[in-house]
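Look for chain A in each of the two complexes below; its partner is chain B in the first and chain C in the second.
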Partner chain A sequence: MSATASPLFVQNLRHEGLEALGRLGLPRPSDEEWRYTSVATLEKRLPEFVPAVARSGARPAASEEARAAVASLGPIGVAGRRLHQLVFVNGRLDSGLSRFDGLPSGVRFEALSRLFGEPPGLLAKRLGLLGGHRSHPFVAMNAAHLLDGVFLHVPDGVVLAEPLLVVHVADGSAGPVASHPRVVLSLGENAQATVVEAYCGTGEAFVNPVTEIVLGAHAHLDHSTLQEESPEAFHVGTTEAHLGPGAQLFSHVLSVGGRIARNELTVRLHGDGAGATLDGLFLARGEQQVDNHTLVDHARPHCGSQQYYKGILDGSARGAFDGKVIVRPAGAFTDAHQKNRNLLLSDTARIDAKPQLEIYNNDVKCTHGSATGRLDADALFYLRSRALSEGQARSVLTLAFASEIVDRIPVEPLRAHLTERVLGWLAGSPEAS
Partner chain B sequence: MNVTTTILEIRGLKARIAEDGTEILKGVDLTVNAGEVHAIMGPNGSGKSTLAHVLSGREGYEVTDGTVLYKGKDLLSMPPEERAREGVFLSFQYPVEIPGVANTYFLRMALNAVRKHRGLPEVDAMDFLALVEEKAALVEMEDALLSRNVNEGFSGGEKKRNEIFQMAVLDPTLAILDETDSGLDIDALRVVASGVNSLRSADRAMLLITHYQRLLNYITPDVIHVLSDGRIVRTGDKSLALLLEEKGYGWLEAEAPVGAGKAS
Partner chain C sequence: MSSNEVLSELTSQEYRHGFVTDVESEVFRPGLDEEIVAAISAKKKEPQWLLDWRLKAYRHWLKMTEPKWAKVSYPPIDYQAIRYYAAPKSAKDGPQSLADVDPELLRTYEKLGVPLEERAILAGVAVDAVFDSVSVATTFRESLAKVGVIFCSFSEAVHQHPDLVKKYLGSVVPYTDNFFATLNSAVFSDGSFCFVPKGVRCPMELSTYFRINQADTGQFERTLIVAEEGASVSYLEGCTAPKRDTNQLHAAVVELVALDDAKIKYSTVQNWYPGDKDGKGGIYNFVTKRGKCAGKRSKISWTQVETGSSITWKYPSCILLGDDSVGEFYSVALANNYQQADTGTKMIHIGKNTRSTIVSKGISAGHGQNTYRGGVSIAKSAIGARNYSQCDSLLIGDQCGAHTFPYLDVKTSTAQIEHEASTSKIGEDQLFYCRQRGLTNEDAVSLIVNGFARRVIRELPMEFAVEATKLLGVSLEGSVG
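Moving on, here comes the complex of A and B:
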């Protein structure tokens, strides 16, 4: 689909994004929010990455490499054929790999590019609603290049029992490639859904996804992001969620791959009694950098948030957890907790942790804390004294460290996949990096 | 006629703390044969736990002199896991809590590591379950403890039962029980001791390391050694323990160590 055939609201979004990107420019290394992300490296490399559509001029057929990348998702991938799934290769829908029939009536789970041909409906109201494209350079860039992505709408009171899967394959096997997927998740009042976004791929790629989440009153969304592109990939992901009264978000941000990966998550608790649980697990080794940012905005009374991010770093990897909780003057009876634990497996790995609280209301309960350590020498010896090799002992303890986060993922195949990933990662298997 | 098999032979063992060079073991000699249970008693700081740690390969100690042969092999050159696979088991004074690792999951890995070393196939799930049930009964381990994380939130008694349970599953040739009675009330002590007694066998040797005579009311050793200031200063039968109970350790230290304690 060419840009000119897009509906007006899409064209407007692209224009606004382009304008904002020109005005904002890319972040500078001196920007506080970006100090842990190697923006200079990104900026230098960005011109090499071109949208796949510009290179081929047509919808790319899924390459062998792309199919292998999807297959590597194992039980959560296409092989399972159990989940409703939308698969995108370099930002464009691959309908051959996708499956989205058989959902309850009224539920929309569609590729954006297919909806652009329909009369503007709810999508027109939801797309870009959260406005990041006017203020955030990478969201603006995503808007400027908007071609395809996902729209999910679950109507009031509808509960989706089965998880929905969105797979983004970054296939850099034919040269560096860029994609800017957009995912819009909209749940009506009392609606419930479970969504997994998986980012995988091969070769050099720049992936710049934006996920917008709008939850109606008392809606429940369980949202997992699995980021495991190739070790040469650059990933800058931005997710923003807006929660209505009593709405609940359970987020799992799971980061395994990429040369530089940044996961930014903003949760706005804008309805009374809304709650969010934000879990994160990031693994990095070699020269990888992985950077996690969270912002939880307590704007209304009686809202709760629990953050728990765990990092495992080996080699010369660098990781960051930069988490902020803001309690606005109207945020009375806020219950906000933030916890970060990191495991360093080498002397040269490094973590930057910056938990922050900004509180403008006295009637709140807030805690935060961060701790970084190594594998417990006593526990290692205990396991070795029971015949486990040093490598096995390290694997067991590292997996145990990760399991606190992994075990809280409700999608069983994703849990299994992640456990395999952690074990493979520890064993140093190249495909698991 | 029975042929005596020597399981452990320690000769002139000297060891110090790696960090500060403090000498703890100052020449230990000890021979333990198959089928025998030896108790090593001694006051705090005499080197009992250091001996257990050095035998099991814990880091933080330097052996400066002497030899340790286990079934004729040089034990000190083996990493801890190889000692375990060869059949050495250390029951910890303070068993480590390992959050996130289920007891039976870990134990199955351990058992399979031992079996692989002995050229046996991995144990299948059903056989393992049967083995676990049988051995758990020895120390009255509840099912709930088996599936919980290793020692996490266990009481002192539950931790020690778990040690003896693991020992029963791994079926060692040499069991070193470091202060197994510490932190146990009388009921737990009885259960643990009966578990240990049921594991006594003609081809297994045991080394009980204990400060107090109390444990020896329940597990009767064949030989008792008194360790004092890094040396074995007395060796005798179970009556030695009663003497110690009565007179304490003070009278030993007043005497010069004679003959550096020849073992049985």
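Moving on, here comes the complex of A and C:
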């Protein structure tokens, strides 16, 4: 449990994180990148959130509520028992719920804590490779508190047909709890994998996950993040991906839960011909706040990126989409597109959209578009005239709006689960699944 | 001629209006303190309330810091090295007619193409020409006065229409607004004042030419245009400046007020000295322009063609306060050589059924950096608000940059907001098509660039549209290979 049991490279990472956090401090509201995230609200509460290990001093067992939260993931959760999965409760591996045997040889899909005992190998090279812990306050905080997480390595040429599942349960039933999980995904040349990260939980929690993705030449990763934590949770998730030549990343960021949720995704296209497709869907109601950030960095020629983020906001919820595409001087023949659509279901909901382009090369095709509105009155009238109730008509149209993102998720159980989720959300009960 | 030769020839064209008039100026010592502020005020024989207002602004300015968020870089400005007042000496006695005006000045205007005397009548334009901070001549005042339109220099307005000035000065851009606007509020030298009374449609396009002449003299104009109920006015602003090596600061403030059913159209062609091809010299253009649609069904329209200045920091904005009011922003911004432009608009929707349109066309060439920064903010009260924004960028050459930073803040579900942007270079196929039809490379590029900017250019009054088309052509013809 103590830091001394960890290998040197982990201790170094913690120290660097701690040093950087002290140097950087938490972001201020005047910080352009953080203007839509209420860091102040989080900062006030932060001291209350303690890592579960610090409180109990022992490996915590998942409470009934936490198990129920996992069960609510339905077909993609433990109930299915079909997928290879790692389940973490408050940031620590729950081996009883996890299943990770029977993968092709050479594939590593392991809890970080179980690897710390082994001689430093690829993990030592990959962990913290993208360096966010030196410049990003919350990544630094994650590094400083690093205890456990996931390491996936798929060797060159290996194609994993089955999706891998990582479940993070934030169990705040015994008081406010903090967790800082770290997920490291590394794919070799021509390797392929599908990974689903699901965040669920109960009670008050602060979840500060960091996902690092490194894709070798022509590797192919489909990565979904499903965030449906409790309405009292604070979620600050940071994902950074580094793509080699010809590598392809498909990202799906699906955000439903949390009191304040921030999903930050940085994709660096550092190899010729790399491509990324970033999809996002966020639903928020009541007093929820959800803030989506994307940064796609076109550093090499012939890269492509497509972003499509959709938001549905009800009640007094506040949503944001802050996306940026940078085309560096070397990024000739870039083809980058960014789309954002937002649906406001109430007069008190609020959306801030900031789709940005920063372009330093002339031979590019870049577009972005953002639109915000409410349900089309004509479409509503059409459905009403076909004898659907007002509520039904609104549900049909809203589901159709969300489906554009949901339907592009390749993992069937996740797609089904999410459709259920959206329907349950529309029925007015965010807890219904 | 190869396209590279064409490119270097055309992008290295010398600034055509780079001449200097030798007029003995009365200048203040460089530096800024309360004494200078009071001296400017005294020089203009201003009433006490205006001096107090200037001093309030100055004291507030001391507490402010220069904004750093814009995507431009320049060496720090020494505000104590700037002279805050310079007046042509001949203006002291006040010229009674054109014959009294220093002939050298008149020749300068002639070179600039300012239509004074008969030329002015032929052109049908009333000119309130500002030369180094003091209005030298104003034409057409009488014919405007007949319909009740007041169009005069700001200093005159302070003396002759103090109630109007007092009522509207700072009502759109308060003296606390931002660093440069506050500086302007403290030291503004002169500018134009226009008041169009109830129900009057201004019979001619109003125009003013600003010129910065004295080396190291920052120029701080202040323009105030008020259109009362049902009034309408179209105002043109055109700028050229002589060639100088030291950077010159220009921090103007423009305030527009439109009451019920009033319409104001404000057009700008800005062609100040952009610096030489190595980025040396040039004007810093840090301008605050804002219009308030205070009345119902009022409309404010901004059109700008920005080709000059080494740095442009300018966001003509509309506060759409009255129900059913309309805001428009049409812009062409061009950044060549080492020019930097950070420009855009802000549409603030407050009233019901307010509408706004933003069309921004950015052209970057050489090492130019062109940024569109725009805000659309829809308040909860702006039921049924509508916004459409389009921002396109054209890149010419591989050293330049084009950036788009839109901010869309929507607080009501009844609003409909659309933003679209694209960035690309001149299409090879378009060029090929034109070349194949016998057009030279430079004609083809000129055609394509003007087509690209057409949606904005056609919003300009005719005389300006001609000038703007010429400007774009001169700056960019053939600068692509």
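Note that in this section the second predicted complex is superposed on the first by the 430 of 433 C-alpha atoms of A that agree within 3 Å, B and C clash if a C-alpha of one lies under 4 Å from a C-alpha of the other, contacts with A are read in each partner's own complex, and residues count from 1 in each chain.
To be clear about the criterion, a contact is a pair of C-beta atoms (placed from the backbone, for glycine too) under 8 Å apart; a residue touches a chain by one contact, two chains touch by 3 or more.
In this text the structure is predicted, and so the values were computed from the model without any measurement.
J.: Chain B versus chain C on the shared chain A, clash or fit?
T.: With chain A aligned, chain B clears chain C, so fit.
J.: If we overlay the two complexes on their shared chain A, which of chain B and chain C does A:366 touch? Say first, second, both or neither.
T.: The answer is second: A:366 touches chain C but not chain B.
J.: Report for A:351: first if it touches chain B alone, second if chain C alone, otherwise both or neither.
T.: second
J.: Tell me the contact category for A:378 with respect to chain B and chain C: first, second, both or neither.
T.: A:378 contacts chain B only, not chain C.
J.: Thinking of the overlay built on chain A, is A:342 touched by chain B (first), by chain C (second), by both, or by neither?
T.: second
J.: Thinking of the overlay built on chain A, is A:32 touched by chain B (first), by chain C (second), by both, or by neither?
T.: A:32 contacts chain C only, not chain B.
J.: Between chain B (first) and chain C (second), which, if any, makes contact with A:114: first, second, both or neither?
T.: In the superposition, A:114 contacts neither chain B nor chain C.
J.: Which chain makes contact with more of the residues of chain A, chain B or else chain C?
T.: C
J.: With both complexes placed on chain A, how many Å separate the closest C-alpha atoms of chain B and chain C?
T.: For chain B and chain C in the superposition, the minimum C-alpha gap reads 14 Å.
J.: Go through chain A and flag every residue that touches chain B in one model and chain C in the other.
T.: The overlap between the chain B and chain C interfaces on chain A is empty, containing no residue.
J.: Considering only the defined contacts, which chain B positions touch chain A in the complex?
T.: 56-59, 79-81, 83-85, 89-90, 92, 95-96, 98-101, 106-107, 109-111, 113-114, 117, 149, 166, 170
J.: Within the complex, which stretch of chain C touches chain A?
T.: Residues 69, 364, 380, 393, 395-425.
J.: Considering the complex alone, what residue numbers of chain A touch chain C?
T.: Per the touch definition, chain A meets chain C at residues 32, 329, 332, 342, 344-374.
J.: Using the touch rule from the top, collect the residues of chain A that touch chain B in their complex.
T.: 376-379, 381-390, 392-393, 396-397, 399-401, 403-404
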